[in-house]
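One structure is given here, and the rest of the page talks about it.
Each chain gets a letter, A, B, C and D, in the order it is written, and its residues are counted from 1.
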Amino acid sequence: MTQRQPIHQGVIPPMVTPLTPEGAVDVVSLERLVAFLLDAGVSGLFALGSSGESAYLTDAQRNTVIDTVTGAAAGQVPVLAGCIETSTNRVVERAREAHKLGAEAVVATAPFYTRTHPVEIDRHFRAVRAAVDLPLLAYDIPVSVHVKLEPAQVLELAGDGVIDGLKDSSGDDAGFREVVLGTRGLASFSALTGHETVVDAMMLAGADGAVPGLANVDPHGYVRLLDACARGDWPSARSEQDRLARLFGIVRAAAPETAGGSTAGLGGFKTSLRLRGIIASSTMSAPMRELDADETEAVRLRVMEAGLL
Amino acid sequence: MTQRQPIHQGVIPPMVTPLTPEGAVDVVSLERLVAFLLDAGVSGLFALGSSGESAYLTDAQRNTVIDTVTGAAAGQVPVLAGCIETSTNRVVERAREAHKLGAEAVVATAPFYTRTHPVEIDRHFRAVRAAVDLPLLAYDIPVSVHVKLEPAQVLELAGDGVIDGLKDSSGDDAGFREVVLGTRGLASFSALTGHETVVDAMMLAGADGAVPGLANVDPHGYVRLLDACARGDWPSARSEQDRLARLFGIVRAAAPETAGGSTAGLGGFKTSLRLRGIIASSTMSAPMRELDADETEAVRLRVMEAGLL
Amino acid sequence: MTQRQPIHQGVIPPMVTPLTPEGAVDVVSLERLVAFLLDAGVSGLFALGSSGESAYLTDAQRNTVIDTVTGAAAGQVPVLAGCIETSTNRVVERAREAHKLGAEAVVATAPFYTRTHPVEIDRHFRAVRAAVDLPLLAYDIPVSVHVKLEPAQVLELAGDGVIDGLKDSSGDDAGFREVVLGTRGLASFSALTGHETVVDAMMLAGADGAVPGLANVDPHGYVRLLDACARGDWPSARSEQDRLARLFGIVRAAAPETAGGSTAGLGGFKTSLRLRGIIASSTMSAPMRELDADETEAVRLRVMEAGLL
Amino acid sequence: MTQRQPIHQGVIPPMVTPLTPEGAVDVVSLERLVAFLLDAGVSGLFALGSSGESAYLTDAQRNTVIDTVTGAAAGQVPVLAGCIETSTNRVVERAREAHKLGAEAVVATAPFYTRTHPVEIDRHFRAVRAAVDLPLLAYDIPVSVHVKLEPAQVLELAGDGVIDGLKDSSGDDAGFREVVLGTRGLASFSALTGHETVVDAMMLAGADGAVPGLANVDPHGYVRLLDACARGDWPSARSEQDRLARLFGIVRAAAPETAGGSTAGLGGFKTSLRLRGIIASSTMSAPMRELDADETEAVRLRVMEAGLL
C-alpha cells in the first residue's frame, strides 16, 4: 500500500481574527499574526474557522480577512478559507468569494440550523465540490453543527474524490483514527486533527497534521511537536504536548457564570496574543465580551508558565 | 390587572418560500400565497422563518422574499421578517435590510453555531433592539438553535421592553404558559405559539395567537380555530384542532431513510400547496429534495381527508 | 366511533415517599399522605414513580412503600406501582414483587443506561406484558430515560393490547395528542398527562386524566380542575390551572448552584407537604439534600399565596 | 515529582457475562473466559461493567458473576466489580455484596435516571467511599449515564483520596489527558482508558492501563500492545493498535435497523468469543437479540482477518 500524499500537513493554525476596540477587522494586527505564524514555520493558514469568529463576522468583514491573509501570506504557504454557512447555496457563495480573494482551499461543515439527513449531508458536500474549483476539506465540529460526520460517510466522500481532507474538531479520536486507517490507500488525503491537547497521540495514530486553535498562541511549540513526531521521537513529542496541554488552561480563565464557551476559548487565545504583543486588542465580536482583569491575569500566568512571556 | 394589548395576535402563518424548479424565488407563486392567506383572514405574515427556508436562501433571495411579501400584502396586515443569523452583527445587518424593504417587525433567535451563555444571549437581544427601530420578537426554536430561551429570561427581556413578543417553536408548552402568565401585566406583548397541533390548548392557556407552519396549507382552518377560541367555544376549537392535527400527518410523508426533518416538514407543506394550486412547484433548496411520487400520494390523501381538495 | 373506557382516569398523584431524617421510609407519614389524597377525591395512587424517589430507594424500601400504600388505600382506589429498572428482567422482577404486594397496575419505562433500539423497546414492553398479569402503563420520561417513546410506537403497543395506558412526562404535548387521537377507537386505554401546568389544555385535547407531581401538594386543586373539565367549564379549569401553575414555582426554590433537578422538584413537593403538616420530614435520599432555610421560606410563600397554609 | 504508583494498571478486560440460551449465567463459560484472559497475561479482571451486561442482570445473577470470577481468578489478579446503580444507597448495597463475594475494588458511575448536580455527584462518590472499605474507581460513561465527569471534579475527588482511579469510557481523550497530568503528583492513582482503538495514543499520553471491551476477544493483542508501550516501542504499539482497530469492526456487524448500540457492541464481542470457542453461546439478555447468520458471518470475517481463527 502506498502512503498517501496529503496536500495539507504539518501545523495549520485556525487563525483568530483581530478586531479593533470598535469591532472592525484590525488589518495591521492580522498581518502581524500572519508574519508571526509564518516565522514559526507553520505549513498553512486556516482563516475564518470557528476560532476566526467566522460566525460573528459580516460578509464584508470575512472578505477583508481572506484578502488580508492571502496578501500577507504571499504564497509562502497555502491559505484555507472557512466557509461556515447554514446550507449549500450559502456555502457556495462564500467559497466563490474566497476563491476570488486568493484562498487555495475551502473548509465547510455540514448544514446547520436545519435538520439534515446524512443522505442530504452527502449531497451537500457533492454540490459544493461541483460548484467550486478548489480543494475541499470537511470540517467536523458537532459542538457547533450538532451533527457528527460519521467515519463511513467521510470515507465515502474521500474515496469518491469529493473531499480532499478532514478538519476534525469532533473530539472523537476513535472516529478520526478510522478515517486515518481508511484513507491510507488514497493518492491524496489530509487528515487533520483540531484536538489541541492530544496532537502527539493523533500523530502517532497517523494524522497528517494539526489545526489547533492554540497554535495561534504558541505556533513554535506545535511546530516542534510535529517535528518530533516526524522523526519518531515520541518522548519529546509527549513532553512538548504536555507543556501545551497545560498552556491550554487559558481557555478556562473566563468565569463560567458570565461567559459562554466561545468567549472562554477565543478570549484565552486573543488575550494571550495581546499579551505576547502580536495583536493590539483582545476585543471580541458581540455578544461576546473581552476577558476582565482577573481573567486576564489568570491567562497571563499560564502564558508565563509556558515560557512565552 | 389590565389585559395587555398584543401588537401581533391571531393567525400569522410562517410563510413557505416557493421556488422555481431551478431554485430561484418564484415571485408569482409567492404573491399568490400572500393573496391566499389574506383571503383566509390571517392577521399577519411571517416571512423568512424556518418554514420560509431562511437558512437555505442567499441574502439576495431573502431580499426578494421580503420585497415581494410586503408588496403583495400592501399594508393590509403587518409583515414580520425572520432575521435568522448566527450572531448579533449579522442579525442587525439582516434586520436593517428587512426594515428598508418594508418589514414591520423583526423575528430573531439566540445566536447559533457559537456556544453562547445566557448572559450573552441577553446582550444579543438588547444589541439587536438598540440597533433596529422595529418591534422585535424572540424566536425560540431549540431544535435549530440548540439553546432553549428560558421563561425567566424571556420575561426579563419583555419586562425591560427589549422584546415585544415571543414566537415559541420550542414545544415546551409549560414554559410558554409561564411566559403567558408572567407577561399578563405588560402593556403590550405577543405570546405566539408555533405548535401546530395544540393551538386550541395554548389559546385556552392564554396565547395571543399562533404561528403554525401548517397555516400555509389550511389558513382557513386556523382562522376558524382562533375564532372559536375567541368566542369561548372550546368544543368547536378542539374539533377544528383535531382535524388539523390529522392533516399535520403530511409532515411525516417523506421516507425517514432518505429525508431529514426539514425536508419532511417543508416537503409536506410545499407539496400540499402545490396540490391545492397555490404554488407552482414544490422544489426545495439544496441539499433538500422534493417529495417523490409515493410520498406525494401520501400527502394528497391527507389533504383530501382534511377536505382541502 | 365509541368512546374508549379508560381503566385509569381523573387525578392519580405520583406519590412522594416520605423519609425519616435517617433515611428510612416513614410509614406513618406515608399513610397520612394516602389518607390526605383519598380525602381530596383522587382516582388512583401511583407509588414509586420518579416523584416517589424510586431510583433512590433500595428494593427493600420499595417493597415497604407498596405494602404501605396498598394497605392504606384498602381498595378504595387502584394503586399503580412504578417498576423503574434498567432492563426487562429487572422490571419483571420488580413487577412480580409489586403484584404480590397488592399493586393493581404496573408502570414501566423503556430500558435506560443501555443503548436500546426502538425494536428492542417494543420487545421490552411485550416481554413485561407477557411475564406479569397486571395492566401495564408505559411511562414516557425522556429527561430520565433519554429516549422518547414515539407516538407511533405507543399506538402500536396500545393497538396490540400490550399497554393499557401512557403516563406522559415527556413534555411533548403534540405527541401526547397524537396518542389521544390514535387511541380513540380502542375499547380501553388511559392517556394520562404528567405535565403539571397544562393539565387543562391536555384535558381539552382529550386526556383521560393527570398524574402531576404537584397533586401531592394540592390534590384538591387538581380534583377541582378535572371536575371543571368534565363539565366543560373551561374558564374555571383555566383559572384553577393558572393558580396551580403559580404554585408550581415551588420546584424552582432550590438554588441551582447546588441542587440538581431532582432535588429542586422533590424538595419543593416534600417541603410543601411538611409545611402543610402531611409528612413529618422533608428528608430526601442521598445524594440529594433537603432545602435550606431560605429555600424553604421561598416555598412557604408560594404555598401560602396558593391559599394552602 | 515522583511518579505515582497505580494500584491498577496494564490490561483489565471488562468481561462479558456468558449466558445460556435460556438466559442464565453460564458459569462454565465464564470460568473458561477467566482462564483465557489470565493465560493471555491480563493484569486484572473487571466484572459487571457495561460489557458485562450489568444493567441487564438481576441481583442474583450479578452475585453469581462476581462469585464465579473471584473464584476462578483465585487471587492471581485483582477483580474489580462494577456496581452500576441509579443512586447512592443502591450502589452501596451492591458494593457491600461484591465485597463479601471477594471483589477487590468497586467501580461506580455518577447517579443516573435522576437529574443530579455536580455537587451531588461529588457527595455521591464520597458517600460510597465512606460506606465501603474497598478501593473505588469512578466510571465515566456519558453515553449511558448522560452526565460527563468533568476533569476538575475527578481531580478533586482523586486529590481528596475519595477515588483511586478512573475508568474512562467517555471518548473524551483531552479530558482524560487532563486527569493524567493532574494526578501525576499523587501517591497512587489509576487512569484507565476504555477507548478501544486509541490505547496506544492514550498510553503515550500517560495512561496507566486500559479497560477495553475488545480485550475480551483479543487479550493477547492488548497485552502485546501495552508491552510495546512499556518498552517505548511506539511503532510496534501503533501497528498492533491498527490491527485491533480493524478488528473492532465487529461492533458494527449488527444491522442498525434492528439492533441498538448495546446489542451491536456486545453482539460483536460475544459472537467472536463463541467463534473462538471460549464461550458456549452468544445469547444476550432481553430485550437484546443474538446476531443473526449474516451478521455472524461479518463478525467471523473480521476475527479471521485479525488472525484469531
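Methods note: contacts are C-beta pairs under 8 Å (C-beta built on N, C-alpha and C of every residue); 3 or more make two chains touch, one makes a residue touch a chain.
Chains and their UniProt names: A, B, C, D = 4-hydroxy-tetrahydrodipicolinate synthase.
Keep in mind the model is a prediction, meaning the values are calculated, not measured.
Colleague: Same residues or different residues where subunit A meets subunit B? The copies count as same if more than half of the interface numbers are shared.
Modeller: same
Colleague: Using CA atom averages as chain centres, what separation in Å is found between subunit A and subunit B?
Modeller: Spacing between the chain centres: roughly 35 Å.
Colleague: Roughly how far is subunit A from subunit C, going centre to centre by Cα mean, in whole Å?
Modeller: Result: the chain centres lie 49 Å from each other.
Colleague: Which positions in subunit D are in touch with at least two other chains?
Modeller: As it turns out, subunit D has no residue touching two or more other chains.
Colleague: Draw the chains as points, connect those that touch, then say whether the picture is a line, ring, star, complete or other.
Modeller: ring
Colleague: Per the touch rule above, enumerate the chain pairs that touch, sorted by label.
Modeller: A-B, A-D, B-C, C-D
Colleague: Going by the contact rule set out above, which residues of subunit D touch subunit C in the complex?
Modeller: Residue positions touching the partner: 23, 50, 55-59, 84, 86-90, 93, 111-117, 119-121, 123-124, 127, 143-146, 257-263, 285-289.
Colleague: In their complex, what parts of subunit A are in touch with subunit D?
Modeller: Going through subunit A, the ones touching subunit D are 171-174, 177-178, 181, 195-198, 200-202, 204-206, 232, 234-235, 237-238, 241-242, 245-246.
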